[in-house]
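There are structures below to look over.
In what follows, subunit A forms one complex with subunit B and a second complex with subunit C.
Let's turn to the complex of A and B:
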């Protein structure tokens, strides 16, 4: 920490002191705000009042897909554009070909068939309990990552479709639904009451597929070779 | 002291530690890690503060945090891809102004 021995380019004492002072001010402010208690009653009651007409009985899902649908729509846009950004950086680095360990293969043979089941359960239960598209997509993506690192190919030839379609389907369905509800004097993302549940399930299903593909694609770290 | 307050204070600590490392460390992987620590702190702070009121837990902060987690994952992936490109292109995982610095902090700071 001796100033005269510090190599060039290292942050000086002034920067450290300034940063420490700034962080101390932030910490003091946040602590005072936390100790003062909640400044407003929050939105719990407002959510509970409108929950009946939202199409979901889980308040978090209702907020995500209905009351704050904009956030989730833009979040899908962020996810999609992130993968576009990673693909734009270049082709995927080749994963070193090694023999996968038998433990991984054994675990894969148990976990990968279970993953779609868990995914479907999480997707369905999201309407009434903890769960939803993001959790379901993450589970499916985890199965994809396990499959990628095992280096194996599927024994049965799977029907192939461009990965890019699956990546944009979540955002596409979300935008299509949010626009399709507009005739009849409704605003963007204002679902009809009796259709809200089924529309949210439709959006979430498409989003799950996209989220799983995007997260697995981000793990690959570049554009796959067979993608344009 | 309620457990929600404890969570919020822990989140605040993570936020501060992450900011410190983000500014002072030169290695880009450390900066990416620091952003992640900061993000976790912000989420913990938000959820903890949202659970501090009496009665049922406010669902709005929870929905915001779950959105934030997904965004932070994708931002981390994009940042890591960029770090890889910088390391390939320049031979050193650091920003241009940090090129001269000791990335591993071998001095024991």
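Let's turn to the complex of A and C:
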């Protein structure tokens, strides 16, 4: 195939061969690195040693909320500013009022009541096993998405707290806690040992609410009409 | 037994990834991407990382899939046609808008 026959926007043979070569080299390098021997233990030992005073028995949660809490704080800031960016683009498109399929309604009537239960379980179990704020928030957001696509309005009026408060509460509580522990000569985000567990649960609960609202808000794809 | 399962999982993962990337029908591609995310979370379980598996299933497959489908519903021409492939069809689309 020469250049003149090629449709516009199609990569050339040389580019394709170069990309294939590059991918093959990277894949070979990764495979060799895997076969080279046991992986370095990294910081596993350091985490295991200080796990007892972290307020969580699950090492993943201990790293995310305590040892590297600053990274998670910045992640919450990134998520919050993402939705602020989406809202700045304009109002949400109107959802067409159509009759949803009976399959969707039947599934919703089972899944949506279960979602808060699963969310609470994931949030609580995060201290000692796989789970945590992000997974819990995603489950709650999924229930929100199912509700949005069903096109129904709630029979019981929902509390009309502005969505914007719910979106910033995760970041706000995180920043407030990280600053509130500072008196007494501690660093930013250095929780007192006996309060670490409860403080992390507080941060995670607020973060779950915000993550659920942010993910569902991204699905709506714009600023809801009753929000400023 | 475990090895056979892993081998099949890797083969299916690569196949689904290729099918999702090479699909001309965008809807089919998105559905395959969601299936890929669910299979990948099974791979994370096999690697002993249930935390990553939960995040992959919830965010990689669930929320990302929902966002892709929402975007797909708003696209005017819903196939991955390249410029110059079907000029008449594109003109019809423009007239309709």
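In this section, the second predicted complex is superposed on the first by the 220 of 228 C-alpha atoms of A that agree within 3 Å, B and C clash if a C-alpha of one lies under 4 Å from a C-alpha of the other, contacts with A are read in each partner's own complex, and residues count from 1 in each chain.
One rule holds for everything that comes next: a contact is a pair of C-beta atoms (placed from the backbone, for glycine too) under 8 Å apart; a residue touches a chain by one contact, two chains touch by 3 or more.
What you see is a predicted model; the values in this text were computed from it and never measured.
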First (subunit B), second (subunit C), both or neither touched by A:72: first
Which superposed partner A:47 touches (first subunit B, second subunit C, both, neither): first
Partner chain in contact with A:221 - subunit B first, subunit C second, else both or neither: both
Partner chain(s) touched by A:145 [first = subunit B, second = subunit C, both, neither]: second
Partner touching more residues of subunit A, whether subunit B or subunit C: B
Subunit B versus subunit C as contact partner of A:131, first or second or both or neither: second
Which of subunit B and subunit C A:174 touches, first, second, both or neither: neither
Subunit C-contacting residues of subunit A that also contact subunit B: 7-10, 60, 93, 132, 134, 215, 218-219, 221
Residues of subunit B defined as touching subunit A within the complex: 5, 8-9, 12, 16, 19-20, 23-24, 26, 45, 49-50, 52-53, 55-60, 62-64, 66-67, 69-71, 73-75, 77-78, 80-82, 84-85, 97-102, 109
Residue ranges of subunit C touching subunit A (in the complex, touch as defined): 50-51, 53-55, 58-59, 62-63, 66-67, 70, 74, 82-85
Residue ranges of subunit A touching subunit C (in the complex, touch as defined): 7-10, 58, 60, 93, 122, 129-132, 134-135, 138-139, 141-142, 145, 215, 218-219, 221
Subunit B contact footprint on subunit A (complex, rising order): 1, 7-11, 15-16, 19-20, 23, 26-27, 30-31, 34-35, 37-38, 41-44, 47-48, 59-60, 62-64, 68, 71-72, 75, 78-79, 82-83, 85-86, 89-90, 93, 132, 134, 211, 214-215, 218-219, 221-222
